[in-house]
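One chain, chain A, appears in both complexes that follow, with chain B as partner in the first and chain C in the second.
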Partner chain A sequence: MEQILANGLYLGAQYALIALGLTLIFSLMNVLNFAHGQMYVFGGFVTYTVVAQFGLPFIVGLIASALVLAVMGALIERFLFRPVIRKSKRDESTMLLAAGIAFFLDAVILLLFGEKQRGVPKVVNGVFNWDMRLIMPYDRILIAVLAIALIVGFILFMQYSRTGRAMRALAQDRMAAQLMGVDVDRYSMIGFALGAMLAGLVGGLLVTITGINLGMGGPTSVKAFLMIMIGGAGVISGAIAGGFILGMMESIGLTVLAAYGDVTYLVIFVTLMIFLAIRPQGLMGKPWG
Partner chain B sequence: MAPSRISTPRLLGVLAFLVGVFVLVPAFIALTGRWDFYYTLTSVALLSVAAAGVWLTFYIGRINIGQGAYALTGGYVSAILITQHGISFWLTLPLAGVFCAAVSVLIGLPILRLRGVYFAMVTLVLTEVARLTALALPITNGAKGITSIPLPGELSIFGLTIIPDFATLENPKLAFYLMAAVLMVVTYLVLWRIVNSRLGHLCRSLQQNEELSASIGVNTAMLRVLAYAISSFFGGLAGAIFVAISQSIYPSSFVVQDSVNFMLYCFLGGLGYVFGPMLGTLLLYFGWDLLSVAKEYQLLIYSGALIALMLVLPNGVLSLLDRKGGRK
Partner chain C sequence: MKRRNFLATTGLSLVLAVAATTSAWAENAKLKIGFVGVTSGPAAAWGISNQRSMETRAAWLNELGGVKIGDVTYDIEIVPFDDQKDPKRAIAGMEKMAQDGIHYVVGPNVDDGAAAVRPVAEQNGIMYFPYAFPKELYTAPASNAILGMVANYQSGPAIYKYLMENKGVKKVAFIAGNESDPLSQRDSGSAAAKALGLEVVSDTVTYQMDTTDFTPVLLPVIQTAPDLLVLSGVSPANAPQLIRSARELGYTGLISTETAQDAAVLAEGAGELANGFISVGGASTPELASDAMKEFVKRYTDMFGEYNDESNTKVYALEYIIETLKANPAAIDNVEEFKKTMDTFSAPNPFMVGDAKLSYVGTTSFGQKRQVSVPLVVNEFKDGKFETLFVAQVD
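On to the complex of A and B.
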């Protein structure tokens, strides 16, 4: 039991961090970022390159991932999303753009880093063992703690910094924020950069444990969509809740349903669809996002 | 948008299109000997049938990224009926469509209440559900899939052969191409008819403002389920023929990627145009195929072109016509 909960928490922390970036971008720009999973993979590969190829410490790799992805996110917003949003008749046109960017990042990753599974050596060795009831390698604990620290840092940033306040105002009502003197373009760009940075950070964190490969992008995006649907799209608390709920469900499901074969995700999906039929906006979302 | 009476230039355009599809393409392939084009073009025709369904859900203001689920379902229905019950392929074709439509009514009733990205994400998940269900159910034979499905047999009425047995043909590729092309033409005819009927007007009112149209007495709940069912019918049909061509089906025959692609075809062609999805499918699928000469840069060029096209024409390729015809 303790083991299941601990696994759920560990999975939930990393999931929540992925969902945060996606929901931030969605709330600011009404864009469903299909490329989120690819950004995550890209971040993982940057950390891998810095740590395994250049032999620099892990923390440097993590910072490099964050920086590279933040710059990439800012450029994507400035030169791709902004003109398309301005010109298109329907909001959904951005989905094609997002999907195009997802393909593009896949292609770039393939050319730059290849299709092989990559990983970096463990950051810390050893396994935490509490009476055989709870077994967890130290590096997983470290990653979970780092992820939770990042989530807390992100919430504090959104809550108390000037930039965070501006972005929250923007998410609430774009027009009103603009009238209050918020530089909409600038904060959209910062928001997109921040969202991409979070994806890159998770990639950097997880490359030490699960490694990274080209094919992980798409499934990660789908999982991130799930989380923000559970919690409610565009709501930060919802993304965190969604992440932890999905982590727990996965952890419990893998243990309880193991006897029936590989049906955990089927059960999760079906539960989710029933849940959404009853509460379409998720746990904390605004109706019709 | 479209005039109530079919004008002469429009009729000529349709005629030219039909001649192109049924005469020029086979002639061109026979001349150049590029028989592999048949497979590509058959795929284009079938994918555009499925994309037509996606387009119809766009038409009621819903982003549908779940067509892969129905294509997979349709494929399995056809495959199971042929291999386990010995039913003729031609009979399984409508059955697969109807089955998908029925399933989509059941699923659609609750989820069509969702809007915007919520609906989009649920339908995306639906594709995964279909794949995982196919893996888990015993009747679908799990990950091994169903293989060595016989080619479509003879279709005859009162002893009169309408379509010969595909296995006896010397060139089944051409036969499949013609079948897919006929299906495509019929599908778009139906779609065009729907859009220019009372139903189409009602759908447009849903797209613009659902509350408003409900308030003037439109049965929005029924209408959107109906549109979704028609959409899924097309998906199932296309899936069933794909299975007949590849003679096999696996849970991974249609995945999230395919569902996303159907959506992209619609976007690229233009959401405001009935023939948008057909053009989008042709450009994207054929373009992808031609780009295979670029080897490892294939995806890079393809996605780069996609992004560039989006920047230049965010409302789809067919929005070029708008500009030429002046402001609407």
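On to the complex of A and C.
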């Protein structure tokens, strides 16, 4: 039981961090960023390049991933989403654009980093073993702690910084925020950059544990959408809750249902369908959007 | 005057350029060889190593002046198609090959894709070389597919037997991805292990191909305390993570797979935790690689920046197609001629030292020769590279 809980918490922390970026972008711009998973993969490859190819410390790789993805996110918002949002009132325009960016990033990743699975050496060696009841490698503990620290830092930033307050105002009511003097374009760009940066940071964190390959983008986006549907799209606390719930469901399912084959995600999807039929806005979302 | 000179010079240059192009085209005919396989997504490494192996070898042969088949010298042109590991796309790819008049295709890389393209290949007179193991593709009445590697039901028993005799393995556990290839490899591996008298302690645990944390997946398997953990049909992307998670959970037994792996990927993803990992390789171990194989590796690395160890196996399919066509030039656009030649075909194997031969095998497994003969090299990973454990041949 201890092992199941620990696995669930570890998975939940990384999932929540992935979902945060996606939900931030959705709340600010009403954009379903299908390229979020590809941004995560790009971040992983940046860390891999800095650490494994250039031989620099892991923390440098992590910072490089954050910076590169933040710049990428800002550019994507400024030159792609902003003009499309300005010219088209239809939601599907931004959805198609996001899907196009996902395919484009897949191609760029293949060209820049190749087709192989990549990984970097363990950041910390050794395994925590509590009488065979709970086994957890130290590097996973470190990554989980870092992920939780980043989530806390993000919440504090959104709660108490001027930029965070402006973004929250934007998410609550775009028109009212504009009338109150919030620079919508500026904070949309900062929000998108922040969302992309979070994706890059998770990619950088997990490249030490799971490695990275160009095929991980799509499935990561699907899981991120699952999490924000559970928690409520556009709600930060909902994304965190969704991440931890999905992580815990996965951990429990993989252990309890192991004897029945790979049915964990089947059960999760069925549960989610029933849940959404009862509460389509998710746990913490509002029915009116 | 200057203008007249300019026009005359330009005109002359154009005439010369057209003449040069025409003469270059007239020099060698083109022989198009297709590739339909996965070059995107998590299993991209399988198909990309295929495609790049073919492109490297084709460029090399073209540089040498082309390939003489009968009285005609051909330049080899590789026509690739990414099926994205989707059977529907694989069918579209094979149809494209048929429309392009291509009769020889390498791929697909996976079971369902290989099964899906069978009707298209048979109706359009295409011989294809899948890296997929379903026996019905290679047993009569099927006759257009030729297995491009050693199947797991051929390598698995050899590995288990070796480990029983040399490492005292008694209990074995299987884990597989939830896809047709790994699952069928798990089932045949488990049956082979039982037939050898091994105790199968776990063969029901599977995982999603996009799993990022294998600890919860492996936990129930490790708790059965096997002597050997078989990663059935594991992709190069998942192997390092599975090995790492198993070792971190305290597993100290042997780990093996019957798929080809990449040493650099294992070293990066699992480091020294991958030491002792047993997998099936190709012919580029230092003991077996000929000068031609070393040259191939060098050219591949020069063209694409980094070699992929999976190409040790993938290098062979194109060679078999070309050498068989050389042996019977009538097969260039008639696959029935190709099939006739296969029964008696034999040619020197350029990629192995000694007097190794290229020939078609598979009679024992399929009742007809529908498999390329590549050496069954079983490797053990040690400190960043593969060491040969033993070598065998499939009949």
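Keep in mind that, in the parts below, the second predicted complex is superposed on the first by the 287 of 289 C-alpha atoms of A that agree within 3 Å, B and C clash if a C-alpha of one lies under 4 Å from a C-alpha of the other, contacts with A are read in each partner's own complex, and residues count from 1 in each chain.
Basically, a residue touches a chain if its C-beta (ideal position, glycine included) is under 8 Å from a C-beta of that chain, and two chains touch if they have at least 3 such contacts.
Remember, it's a predicted structure, so these values are computed and weren't measured experimentally.
**Q** By the touch definition at the top of the document, which applies to A:Tyr187: first (chain B), second (chain C), both, or neither?
**A** Neither partner.
**Q** Could you tell me if A:Phe244 is touching chain B, chain C, both of them or neither one (first, second, both, neither)?
**A** neither
**Q** Output check: A:Tyr265 vs chain B and chain C. Expected answer is one of first, second, both, neither. What do you get?
**A** both
**Q** After lining up the shared chain so the two structures overlap, which partner does A:Phe58 touch, if you call chain B first and chain C second: first, second, both or neither?
**A** Touch status of A:Phe58: no partner.
**Q** Identify the partner contact of A:Ile135: answer first if only chain B is touched, second if only chain C is, both if each is, neither if none is.
**A** second
**Q** So, does A:Gly211 touch the first partner chain B, the second partner chain C, both, or neither?
**A** After superposition on chain A, A:Gly211 lies in contact with chain C alone.
**Q** For A:Asp106, is the partner it touches chain B (first), chain C (second), both, or none of the two (neither)?
**A** both
**Q** By the touch definition at the top of the document, which applies to A:Phe81: first (chain B), second (chain C), both, or neither?
**A** neither
**Q** Which partner does A:Lys116 contact after superposing on A: first (chain B), second (chain C), both, neither?
**A** second
**Q** In the superposed view, which residues of chain A touch chain B and also chain C?
**A** Shared contact residues on chain A: 106, 110, 218, 261-262, 265.
**Q** Please name which positions on chain C make contact with chain A in the complex.
**A** The touching residues are 39-45, 48, 178, 204-208, 210, 212-213, 215-217, 219-220, 236-238, 240-241, 248-250, 262, 264-265, 268-271, 305-306, 308.
**Q** Which chain A residues qualify as touching chain B in the complex?
**A** 26, 32, 34, 80, 83-84, 87-90, 92-93, 95-97, 99-101, 103-104, 106-108, 110-111, 218, 222, 225-226, 228-229, 233, 261-263, 265-266, 269-270, 272-274, 276-277, 280-282, 288-289
**Q** Note which residues of chain A are touching chain C in the complex, please.
**A** 3-4, 7, 10-11, 14, 52, 106, 110, 114-122, 127, 129, 132, 135, 137, 140, 206, 209-211, 213-216, 218-220, 250-251, 254-255, 258-262, 264-265
**Q** Note which residues of chain B are touching chain A in the complex, please.
**A** Residues 58, 63, 107, 110-111, 113-118, 120-122, 124-126, 128-129, 132-133, 135-136, 256-257, 260, 263-264, 267-268, 271-272, 296-297, 299-300, 302-304, 306-307, 310-311, 314-315 of chain B touch chain A in their complex.
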